Amino acid sequence: MTLSTAMTAPSSKRAHFGLLLFTVALVLAPWIVGHAGGNTWVRTLDFALLYIMLALGLNIVVGYAGLLDMGFIAFYAVGAYLAALLSSPHLLQQFPALVALLPAGMHTSIWLILPLAALLAAGCGVVLGAPTLRLRGDYLAIVTLGFGEIIRILLRNLDRPVNITNGPKGIAQVDPVQLLGVNLARTQELFDLRLPSVYLYYYLFAALVLLILFACIRLERSRIGRAWMAIREDEEAAEAMGLDTRRLKLLAFAIGAAFGGVSGALFASFQGFVSPESFSLNESIAVLAMVVLGGMGHIPGVILGCVLLAALPEALRASMGPLQQALFGQVLMDPEIIRQLFYGLALILAMLYRPAGLWPVKAGGAR
Amino acid sequence: MGLMVFMDAFIQQLLNGLMSGSLYALVALGYTMVYGILRIINFAHGDVLMIGAMVGLSVIRLLQAIWPALPAVLVLVLATLIAMVFCALLAVVIERVAYRRLRHAPRLAPLISGIGVSLLLQTAAMLVWTRNPQMFPQLLPLEPIEILSGESGHAAVTNSTALTTIAVALIVMVALLVLVERTRFGRAMRAVAENPQVASLMGINPNRIIVLTFAIGGGLAALAGIMMASNYGSTHFYMGFLPGIKAFTAAVLGGIGNLKGAMLGGLLLGLIEALGTGYLGAATGGVFGSNYQDVFAFIVLIAVLVFRPSGILGERLAARA
Amino acid sequence: MSTPVLHIDQVNKHFGGVAALSNVSLNIQPGEIYGLIGPNGAGKTTLFNVMTGLYSPDSGRFQLDGKDYQPTAVHQVARAGIARTFQNIRLFNAMSALENVMVGRHVRTRNGLWAALSRHRIAREEEAQTREWAHRLLEYVGMSGFANYRADTLSYGHQRRLEIARALATEPRLLALDEPAAGMNASEKVQLRGLLEKIRDDGHTLLLIEHDVKLVMGVCDRISVLDYGRVIAQGTPEDVRRHPAVIQAYLGASAHV
């Protein structure tokens, strides 16, 4: 028995149709959601898209290759801090000598930041993976958890002796994304439509989600994708069939990390600042929950998991407060607490009753 | 002169290290026993420690409220015993609900389930004891005890809480070893730890042993939790996370599944941490000091798993079905 | 005498104080089915594992098709040309039968990351060839209707055949089967025998570890018998059957086979 069900993707036609449907939904979503709940809800969608990018990356590591990474958020952090360092005044403030080199200030274009973030994160993935990917599953989980924590502690403390990360205060004044001269942090007028910043970012993120999605679908049905799944199912048998499992695992790790890094860089530009506390174990667990609960190894399931779990805090905040007021006359449980309660229960129940997730690929029998 | 200072610092760090090491050892025992039999990392174990400290705190408050005349030491002892029993039961429930059905599932399943339990325990703690750190009363005499090291008059300083911690931990560890190696129950435990199927053929009920193993682990975690809270003066809903990870590191360091290994690993890790951060801090003028303390444990973890995954004293894992 | 497909010379392996293999030598000629038998604990599995890179021998020489061959990593073994099946069937359970065999093609194909992402023409061709090859292999072992079945939903007999198909997909010089008849009933064994002979008749070379002596005597061209890590007899089934050492090892001195 394995945690995920049949990898065998549905026929190409169904997949393409699904992709089309998803794209349509993606394009329309902010308008529907914005109409219902205003800009705050669209902002939630933006974060949901970032989570989808992260989860698709983690899905390659956990869902395809079967490697439990509990410190995945470290790659997100690396991407975010790189973006922050490359497009905020911080480095110039710390190292005045650089000002002479960059008189116009540190404003790296997003087109350069994204590939750099992907490369740096992938590099970290390789450095972490090289000595550790041969460990058995649960040990790997703890090691990656440790790595995630090390990154967080480093980010918090690398303000001495040389101030690189600005410690617990984080780095602020990170440039927003400038696309073809358009500043995404300002509302823009386009074809008579007023597009607030959250909508602009939404479509940027959506485009990247589609790109990453496309890559994942292609990978899933390729020689490499099959190799990953063989490793997940039975690593020793895969080796006996000639698969260089070490290289393949490193590849999965690196690609997953790269997606994480890209997502992180976008996050930094979106939010305008980064601080170490955004990259804690809780975040790693949240992304893991999205992958596991949604349907490990199954892209539609993963996306579903993201949307549900990303929307959850907002939904809870909107509903639980008033609900408790009505029932008890006061708010007994902070929505944050309810969210964590929900996560905990969901993980346990999922493992006990639906280990393949909410939306696994249909299993068994002739297709 | 420099040597004296060095020695004082050494003894001070040694004492600190022994104290935290004793705690790690107690918690590591729980991890190692469970992993040895079931090959499951009980991710919730660190949070059981936290619940133990919290429950102890509540019992202390209760006793102090309804029975103010009771001597402080007795309050502490009672609170500890009650917390230990509570956590033993809690661990049993956790095994039954979150792990039992997943014994033959792929290894990621119980790990994820354990993460879920961990979240639940933290949530429960947040609800009952709020998210703020709670002050934990110092029930043992607080006067510093000086350990003089030579004519220089410099002293390493400790207190009765720390010394009691070390002493109690040692006594408990010895008692556990006696239990495991000299009693009938201990023999049954060892049999199940080696091969549950064969043990059941010999008439031992592996489930009962597994349940008892979890219970003992839970009790030890509670003990460690209360001692930790006594030493540091506070409890907090997240206090179990780091000690949990470090204790697991200690268990692997000593050799997973190996009781003596867990004890050795715990003490060793405590010492490495204390001496490491102490000297690193001194060497770098405080730049890389105690704020990197946790990184030490993680580095040890990664180093052990990469270079010597079977640990110092070797692994002891049950034969798989 | 042509170059043996597999030439093993004076292989030794011990674990602690126990000599698992002592000076074991054998040659497997092209196009034959070679059997490896012996009582429990004789060292058959150890020899198998040494050959396939799971253990490293203390001493000894291996040659595959006349070239020296030193399996240091398990995954290099299939690349070099030895494909194996497992005693306790190790398929990729969540994958379909077709996909299992397609994974077998991995070692003879090349599509990498760029090929996966871009699906350029050559990549698509290779993918189509892989699929085609896998379908043909499934047909070859008599499983053409089951291509899309999840591997763990197949019957035991089918799973065994799937494992063989997967191993054949690696285009091995030597197909090494670890107790392929384990758990089979009499009629399944007859079918297995037919399949093995078909594979041999189509030009492949096979090595078989088996406990079922009758099957081995019936299907193998030549046999080595191991006992306590040593080769005690070697030759055709006829030779081996009569060999006193073999009779003694299996049945005790006074038995007749």
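Should a chain be cited, it is by its letter among A, B and C, assigned in written order, with residues numbered from 1 in that chain.
Here is the rule we use: a contact is a pair of C-beta atoms (placed from the backbone, for glycine too) under 8 Å apart; a residue touches a chain by one contact, two chains touch by 3 or more.
Since the structure is predicted, the reported quantities are computational estimates derived from the model, not experimental observations.
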- Task: Chain touch graph shape: choose line, ring, star, complete or other and state it.
- Result: line
- Task: Name the chain whose C-alpha centroid is farthest from the C-alpha centroid of chain B.
- Result: C
- Find the geometric centre of each of chain A and chain C from their Cα atoms only, then give the gap between the two centres in Å, rounded to an integer. 44
- Whole-Å separation of chain centres (CA-atom averages), chain B against chain C: 49
- Would you kindly tell me how far, in whole Å, the mean C-alpha position of chain B lies from that of chain A? 34
- Query: Which residues does chain A have that touch at least 2 chains other than itself?
  - Reply: 1-2
- chain C: which residues touch two or more other chains? none
- Would you pull the chain C residues touching chain A in the complex into a rising list? 52, 73-79, 83-84, 86, 90-96, 99, 102-104, 106-107, 109, 111-113, 115-117, 119, 126-127, 130, 146, 148-150, 153, 166-167, 170
- Item | Residues of chain B defined as touching chain A within the complex | 39-41, 97-98, 101-102, 104-113, 115-120, 122-123, 126-127, 241, 245, 248-249, 252, 284, 287, 291-292, 294-295, 297-299, 301-302, 305-306, 309
- Item | Interfacial residue positions of chain A with respect to chain C in the complex | 1-2, 4-8, 215, 218-219, 222-227, 229-230, 232-234, 236-245, 251, 255, 363-367
- Residue positions on chain A within touch of chain B in the complex are 1-3, 66, 68, 131-132, 135-139, 141-143, 145-147, 149-150, 153-154, 156-157, 160-161, 281, 285, 288, 292, 333, 337, 340-341, 343-352, 355
